[in-house]
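So the structure is just underneath, and the comments pick up after that.
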Amino acid sequence: MSEKLEPPLIIVNFKTYAEATGKRAVELAKKAEKVNRETRVHVGVAPQLADLSAVADAVGIPVFAQHVDPIKPGGYTGHVLAESVKEAGAIGTLINHSERQLKLSDIDQVIRIIRENSMFSVVCANNPSISAAVAALKPDIIAIEPPELIGTGIPVSKAQPEVVTGTIRLVREVNKKVTILCGAGISHGEDVAAALKLGTQGVLVASGIVKAKDPYMIMREFAEATKDHK
Amino acid sequence: MSEKLEPPLIIVNFKTYAEATGKRAVELAKKAEKVNRETRVHVGVAPQLADLSAVADAVGIPVFAQHVDPIKPGGYTGHVLAESVKEAGAIGTLINHSERQLKLSDIDQVIRIIRENSMFSVVCANNPSISAAVAALKPDIIAIEPPELIGTGIPVSKAQPEVVTGTIRLVREVNKKVTILCGAGISHGEDVAAALKLGTQGVLVASGIVKAKDPYMIMREFAEATKDHK
Amino acid sequence: MSEKLEPPLIIVNFKTYAEATGKRAVELAKKAEKVNRETRVHVGVAPQLADLSAVADAVGIPVFAQHVDPIKPGGYTGHVLAESVKEAGAIGTLINHSERQLKLSDIDQVIRIIRENSMFSVVCANNPSISAAVAALKPDIIAIEPPELIGTGIPVSKAQPEVVTGTIRLVREVNKKVTILCGAGISHGEDVAAALKLGTQGVLVASGIVKAKDPYMIMREFAEATKDHK
Amino acid sequence: MSEKLEPPLIIVNFKTYAEATGKRAVELAKKAEKVNRETRVHVGVAPQLADLSAVADAVGIPVFAQHVDPIKPGGYTGHVLAESVKEAGAIGTLINHSERQLKLSDIDQVIRIIRENSMFSVVCANNPSISAAVAALKPDIIAIEPPELIGTGIPVSKAQPEVVTGTIRLVREVNKKVTILCGAGISHGEDVAAALKLGTQGVLVASGIVKAKDPYMIMREFAEATKDHK
């Protein structure tokens, strides 16, 4: 894992929220960079594709694409080429987010393509058995997001600790090295601390940051919470 | 139709070709701009999403996205929001390219969203009856591409003139205003001239330009050919 | 149009409702047949694929598949071949139901394949412009179902008469011959009468019949209502 | 595993081949039954959905669906309900065949639904890492089919023995109990014997049987070959 992605790790998914589109994507990324600088905790961002190069040009923190297609250069109008997001400045990509799920063989293929491009793969999974399946494909990072908690504001790390620990156990049976993040309902620093205490190495978060009144303050709170854990 | 899109119109689809990714996308777009300036013929470009803002920042010609999803701002990780491509500098988008086909109701929805964002919709269709169906959805531009000729180097405008004229007739029964382009196998200026003579108002082209030894020369030849027609 | 499908026409979509699966599919179809016999009004049924042959063997009324794929015989594991549903006894198929939407070019292809197999195509559309687009593809029957009313119990024919009449007008501009049905919220005989009065030639109905306490009585009421209209 | 599916196991996928549609599906299944009776080796069949009940009514051997959707009873027009294929007589289903691939979370969901219905899941996978991922989802049977050999007539068991043994090793690290079949290019009894010798418990075969001049003779040869292995 590159130095830039050494855990604890916080990845902020901008989704297609109006609050994180265009200029506002760049502004939000700059706040994440400020938190990186001040806390020395790695906060990465995953903006929309059309905002990727502007964000990557503006900040020095890890920038991820939200999706990459299982393709090589060629005739694939409207698809996302790994090489294009890399040249735009992304160091990795989310794969199989619950809002952009892929066929199993496509997940496998995208992980390979991302590896060939010396980028990082962050594969989302929404239950323990799917997490174990993903672990067998050897991505760099797995992000566990129990679907029943997404968008509820109920943090997975506090509401369902046994789901998180159970998932970690299943994943580790298959893959000792993969970095494990968790997500869904993470809104406070204490949710982050709880996630790390359960054995994860960071969080994948979206609305908890993007839709917060003061995203900088929340990211700062998240970053500090990872220190409490150490 | 905006002044910038007044026919005759040439749209160059960059697909996911290596020759038109990243820096090379910007270089190719600059050549298109040079042709615009020298010939006063409108040459637009459709780069990959990750290259969209860099291309739009670098040139003053019409820039199109290759695809937009039928979504409004919200939780749609990995999807393409019309607002994001507009803010990145696109004035319109390709829709339903044969390499990125959509459900019928999604085509309808994307056309509406693009219109609400005051952008231009370029919907691809691959036979006469599909072209007529698309015409009923009232996009700004239809691009007819007979699938049996795509990638053959055999220009639709010369090999199957009756397909083009037949399509135009069917489309006009349904929609008097839509701009009609044709594509597939267009490689020489004479193919462009033939397309206009048959009643189309321009061409959608990809490999014929992107993979040419000297794309500038071919675009220039295409642009001049539209004048022969007048 | 075959004698068996002469309007007024009622098509009952069994969806994947438990009440219309397996033996219960056959029982429901027999009730529809009884209504056919007693009223001389054509009531067709669209059971699940696995129930198709048992239903077609048990009754003499029109039986439709719920979906057919755009394929010819060959290596398409898990897909639905027109020839297979025809041999099982279907005389036609629903296409592009709002719960099983297709790419535009696939709708076009399935309509062609169904025609080549001398079967009937019933294409669903969920707003006026989509209905007009479908009409351009020349199916045998269009079924208009405004999505905002599906499953509400509010009959389209009474709540939004202008949607129905507007759609009919748009469709007729493109296609004079296609049979037009409407659906969504149809629960009572008077809804059926209203639909016919607005200019449709029948209804596509699902839960209004399948989930009724006495499906036979409701089908009978629907059939009688079509006579009031004449 | 039910007695009926005790290895060695041969499953014949009828795909959407004309030679195995309608009446011909029943005839082919009867030949498979004859081989079952004569050799005491389990030969199962996977006919098209519309042929499922006729085949299951005609023979006493294991009958599989080719695909089931991740749905419960409800409003899912055109989808395949596990309950419907079970009532039609299937004891299990193929899942994720390379011609009908699913999203990872849908594979997981279908395996659960099939288990809840006391049916057997046969999940296809097309390389070693995907096979290991599938193994983590705990299906009853995995069928490995290297895509580069499908339809070549070159038997995986002889051309790429290391792919088969490598896959078995990876799968067993994750799952000790799952039955492992292999497929692709299996055309002769010796290919079957080779597959078993490498450690698989049977084969999934399609064109090798369905398109053979004398399918009965080939199935018989396959069944006898499994005995040579014992």
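We just call them A, B, C and D in the order they show up, numbering each chain from 1.
Methods note: a contact is a pair of C-beta atoms (placed from the backbone, for glycine too) under 8 Å apart; a residue touches a chain by one contact, two chains touch by 3 or more.
Since this is a predicted model, take the numbers as computed values, not measurements.
Within the contact network of the assembly, the step distance from subunit B to subunit D comes to 2. Using the mean of the Cα atoms as each chain's centre, the chain most removed from subunit C is A. Separating the CA-averaged centres of subunit C and subunit D is a span of 35 Å. Centroids built from CA atoms put subunit C at 45 Å from subunit A. The residues of subunit B that reach two or more other chains are 98, listed in rising order. Taken chain by chain, the contacts form a single closed ring in which each chain touches exactly two others. Listed by chain label, the pairs that touch are A-B, A-D, B-C, C-D.
Listing the residues of subunit C that touch subunit D in their complex gives 13, 15-18, 21-23, 46, 48-54, 65-67, 71, 73-81, 83-85, 87-88, 90, 94, 97-100, 151, 206-207.
By the touch criterion stated above, subunit D contacts subunit A in their complex at residues 96, 98, 101-105, 107-108, 125-127, 129-130, 132-138, 170, 173-174.
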